[in-house]
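Pasting the structures in now, so scroll down.
Each of the next two complexes has subunit A plus one more chain, namely subunit B in the first and subunit C in the second.
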Partner chain A sequence: MSKVMKETGLPYTASKKTLGRRLKNNYIGWLFILIAAAGISLFYFYPMLRALLLSFQSGMGANLEYVGLDNYVRLFSDPTFIAALTNTFIYLLIQVPVMIVLALFFSVLLNDATLKFKGFFRTAIFLPCVTSLVAYAVIFKYLFGVDGLINKFLMNLSLISEPLDWLSDPLLAKFTIIAAITWRWTGYNMIFYLSALQNVDRSMYEAAKIDGASSLQQFFYITVPMLKPIILFTSIISTIGTLQLFDEVMNITNGGPGNATLSISMYIYNLSFEYSPDFGYAATVSYVIVILVVLLSLLQFKVAGDDK
Partner chain B sequence: MRKIKRIATYTFLSVASIVSIFPFLWMLVSMTNKSVDVTQGRLLPGTYLLENLQALFDTVDMGTALLNSTIIAVITTFLTLLIGSLAGYGFEIYRTPGKDRIFNLLLLSMMIPFAAIMIPLYRLFGGLPFFGIDTLAAAILPTIITAFFIFFFRQNTKMFAKELVEAGRIDGLSELGIFFRIYLPTMKTSYAAAAIIAFMNSWNNYLWPLVILQSPEKQTIPLLISNLGAGYSPDYGLIMSAIVIATLPTAIVFFVMQKHFVAGMMGSVKG
Partner chain C sequence: MNFAHWKKTGLLLLSVVTLLALAACSSDDASGSSDGGNGEEPDKITAWAWDPNFNIAALELAKDAYEEDLDLEIIENAQDDIVQKLNTGLSSGSMKGMPNIVLIEDQRAQSFLQSYPDAFYPIGDYFSTDDFAPYKLAPTSLDGKQYGLPFDTGVTGLFFRTDYLEEAGYSKEDLTDITWEKYIEIGKEVKAKTGKDMISLDPNDLGILRVMIQSAGSWYVEDDGKTVNLVDNEPLKKAFENYKAMIEADFVKANSDWSQFIAAFNSGDVATVPSGNWIAPSIEAEESQAGKWEVAPIPRLNLEGAVNASNQGGSSFYVLNIPGKEKAAEFLGATFGSNEAFYQDLVLDVGALGTYAPAADGEAYQAENDYFSGQPVIADFSEWTEEIPSVNYGLHTYAIEDILAAEMQNYLKGKDIEDVLADAQAQAESQLK
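After this line comes the complex of A and B, so read on.
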């Protein structure tokens, strides 16, 4: 009888008393969830809906009127939006893969049982994660300044003859943003891979070695397939993070030079709070991020999940 | 061949470690130097630490920013943990009908980019009387309820012995009493990990405070640092002191509770 109870979740003979108790517990269960559910509805779902409505409106400040799909049409002929979208994709296509490969590489090196100073290396590479985004962004801005340490260092090594203007050159400025994000997040991704690697059976590597597989082959035929779920997970969160990139761009280059480093999030901020406010169009741009988050997550699932 | 590989590994990891640590060393050293010396690339500790700190608290209002950030982060952490753990516990312990559907719906909110809800939130708070724009309450309120912590506590509650709930009922405790007297004390470790993430997120939060807090008296530390960094003739010594102070709480937590910290970070999400 108790087995039946466990499996169905229902008492074998529901007396009035237990039924009452069950209803009471259901009701209390709701109370526990209530604040959270109400809060998420109010601060996430309701604004999402409002943003959707806003995206069909236009006008300055509070004087909004419905304009149908005008805002969405405007996207295609808005050079600033296209610049922000392009930049965001450049960050995505270069920064995320570079970071993930680096993080994988570090974790494989650190997973070696015979390696000395493992704790030190791991802590050091993880350390950038303790900084606030604004704080490290400002530091990178100074390091990459014309009279910053990066230039001094490169000149001392005679790699460059005169200081590079990292933050005022469109290409170098993008590089600086990518370098900064990579510095901040590689260690973060690394710890995911390190903990996943601990679950990989070492005997697989032993067997591979006996079969004469090189380290590179072991990496591609054992490590990568074994870590596939976690690589998928980290690439999705990195993609979502990059699509929302704001703090670094705002504080390192302020979107410049021109709009060479502008991100979509920063463009939304500018549309709402820097230029004469156009909340409607800003909401339209923000829905582009929503759509991209959904599409890219689905795409990554599809690419990674083809054999499952 | 093996030896070359060894050397390459150590070289590579050492370079990576130096690159990772260098900005920290630089900010610590620069905090003790005059602005001119920092510009000239001085990498040795100086004697200008007290002057820099003095200037930080006198010329810019670091004291107020510290106070605001602390108030916001402490209240946020407390409420986030309370609401998140109540919900996580509720989802796991009670057999509320339809709860899994609601749970999945709530989780969906983790996919919502903040930039997409920032404007409606700003307009929402614009119409409120006591929690309106430029109040610390407005800076706190939308950040305390996140699906992530509900998920976190539900996962952690799976390890909680459910017999304790029955035992509590037999002892005549109310359902809330069971939560506060039995669940909360036994789940200290989960709360510690959650507190670290919640505090860090709040302490470092930038975009929402930037949008909602406008007057200088309401400034938080990230806003202050951002303003200092945007200046045309930056006082490097002063700014580095501010950055070190901003980094200190999270760095201390990291070194004191490394395990919790890493566990917490792995649970939190980039962005």
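After this line comes the complex of A and C, so read on.
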């Protein structure tokens, strides 16, 4: 026992023979990860590097040439890019908090020990995220169409006197997109909270109850602090998801009216495939997303006070 | 110490191995692309196109009409997919997996031809360009070389419901050779008398603007295909004003996609459909409305030189510069390029109207169409085809249109037209370098 301890604890004092064996073991270890590491390098890091190089080039289709930082300068004077960035941030600032709060709310409700048909409710709320992005986006498009179900519903309730242009009014179109993403992803985030809630010790709630804490106080002083790491995690992945928003915008509004709902990812698509292809500039815009993801994630870590 | 050192060496080794692997891969790529142009002659010729009822059917028909022995594989893809596959494939420098023949929309053609020099094979020697409608030649050629074989025409017409128009007090003569201003006037009357909307538009699609400006021989770019031409573009300004007048006249039924667009006229909700002739099969699909439709020439802009003929859509065949290109070009030349009888079958069987002028004298072109109250629709369309003003669509149609769509929103909200076009011009110039 003590010998093993000594060996692992103090490797440098080990005999030459054991060192040799260790190195051999080590080699085999490296061999095991070599394939995976080479794969990741080949299929992740290498394309990233090439994309970075590409972002310093510009030109139509195959006629690319190096232009230095021109593409990055161009970003600042490109109104379409600025519109796409603004839209994306509007989605981010409204949609992510709304969704996180909703998901928390549902998960706490569903975690109630006295709730009946728990399985049914849980499935019902989670179900949206097994649907295909394109399929649900198309359905939302029809729901929110001028002759769509939503308008019919609101008209029959006499809440509106004439059909609303959900898809062709700049403000309402943004709302439609936000409603769609929220519907799709709330259940997904809820599952994270639900599983995290299983790990919260019930005795804490009991103790709080004995001390006279209300449900609201229990929620804010026990549930939220206990779920903090998960809330951080979900808000980061939701932020990344929103920055990469594409399918919904493409299928529901196609970026319109004008570019009122255009997202950054959709602009990248347009630059590559819709307009005369400029893959260099498209790569530059892609790198903006990378930079934003890094910055926003750092910010969220800072705000949450968790440096680890 | 040694151990830590070994760890570092291991990492170093790993990165060296990885780098080598990468180097090997990238050199493979390089050699792969270099022999793209002159490999073995393939047994099979492949063709990519979209729309099974139209383009694919036309290709199948051509395959049957071709007398030589040719193994032609026709692959159906959505148009968006073809655009993507071509862009990614051609820009990678590797021609592997590319088809021999591909259908490209005229308004995108220049972008492909100029983006990927040498990727396409000039086929001007395989047919006579004089036989085709002149407006099809500018978009399909580059630097004096003919790359595309002109296929279908997007010649426009004003499809209208005779019953609704009659109820409002208008006959076909009243709709023939009119301006858009007159059209709007009639539209108001139709809405007042019948309660039906005049037209269905997708607020995200400015196709109707392109129809309007081409009738006056203008486009978003100047004749060189590059210089942005928005500010001081009188036809475009007029088109904007007409568009706004239509929206404000409150006779526009909004649609947000193709199926809603089709539903708008199949359900009988709109009185007219100004569109490319390719919409005819969709109108005819609603059999209960047989005999209630006719086609008038498209309205023109109220400007000197504007004609009652324009174009919307239309595409042409291209041959890629890969092994099998001669075979592919011969096939196209012998069918779409010169076979008059084939064009008669094309009209009868597929309903596709080509731009091959000699075919217009054929019998099938003169046939009367019962659905359209006995009007010889094909003959009318081919007559209008010859009047379509030729414009150079250039490279940036869709990029500029997105800018215009955003500015159109501002214009509808009350921004001054001069500012709208000036801002769009400035934005387009900064974006399209």
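Observations on the model:
The working rule: the second predicted complex is superposed on the first by the 271 of 308 C-alpha atoms of A that agree within 3 Å, B and C clash if a C-alpha of one lies under 4 Å from a C-alpha of the other, contacts with A are read in each partner's own complex, and residues count from 1 in each chain.
Everything that follows uses one rule, which is that a contact is a pair of C-beta atoms (placed from the backbone, for glycine too) under 8 Å apart; a residue touches a chain by one contact, two chains touch by 3 or more.
Values in this document were obtained by computation on a predicted structure and should not be read as measured data.
In the model built by aligning both structures on subunit A, subunit B clashes with subunit C. Measured by the number of subunit A residues touched, the leading partner among subunit B and subunit C is B.
Touch criterion met: A:D165 reaches subunit C, while subunit B stays clear of it. In the superposition on chain A, contact of A:G258 is made with subunit C only, not with subunit B. Judged by the touch definition given at the top, the superposed model places A:F279 against both subunit B and subunit C.
Using the contact criterion defined above for the overlaid structures, shared-chain residue A:I35 touches subunit B, although it does not reach subunit C. In the superposed pair of complexes, A:L299 makes contact with neither subunit B nor subunit C. In the superposed pair of complexes, A:Y287 makes contact with subunit B only, with no contact to subunit C.
Legend: residue contacts after superposition of the two complexes on their common chain; A:N63 is shown touching subunit C, with no touch to subunit B.
Shared-chain residue A:L133: touches subunit B; no touch with subunit C.
Residue contacts after overlaying the shared chain place A:K152 against subunit B, while subunit C stays out of touching range. Comparing the two interfaces of subunit A, the one with subunit B and the one with subunit C have residues 22, 26, 30, 37, 46, 141, 147, 254, 272-273, 279 in common.
Residues 1-3, 6-7, 10, 13-14, 17-18, 21-22, 25, 80, 83-84, 87, 90-91, 93, 111-112, 114-117, 119, 203-204, 254, 256-257, 260, 395-396, 398-399, 402-403, 405-410, 427, 430-433 of subunit C are the ones that touch subunit A when the two sit in their complex.
By the touch rule above, subunit A contacts subunit C in their complex via residues 11-12, 19, 22-23, 26-27, 30, 34, 37-38, 41-42, 46, 58, 60-63, 74, 77-80, 83, 141, 145-147, 165, 167-168, 170, 253-260, 270, 272-277, 279.
Within the complex formed with subunit A, the subunit B residues making contact are 5, 9, 12-14, 16-17, 19-21, 23-24, 26-27, 39, 41, 83-84, 86-87, 89-91, 93-97, 99, 102, 106, 109, 111-124, 141-142, 144-147, 150, 175, 179, 203-204, 206-207, 210-211, 221-222, 225-226, 228-230, 234, 236, 239, 243, 246-247, 250-251, 254, 258, 262, 265-266, 269-271. Subunit A contributes residues 9, 22, 25-26, 28-33, 35-37, 39-40, 43-48, 50-51, 54, 106, 109-110, 112, 115, 120-121, 123-143, 147, 149, 152, 183, 185, 187-188, 191-192, 195, 215, 237-238, 240-241, 243-244, 246-247, 250-251, 254, 264-265, 268-269, 272-273, 279, 282-283, 286-287, 289-290, 293-294, 297 to its touches with subunit B in the complex.
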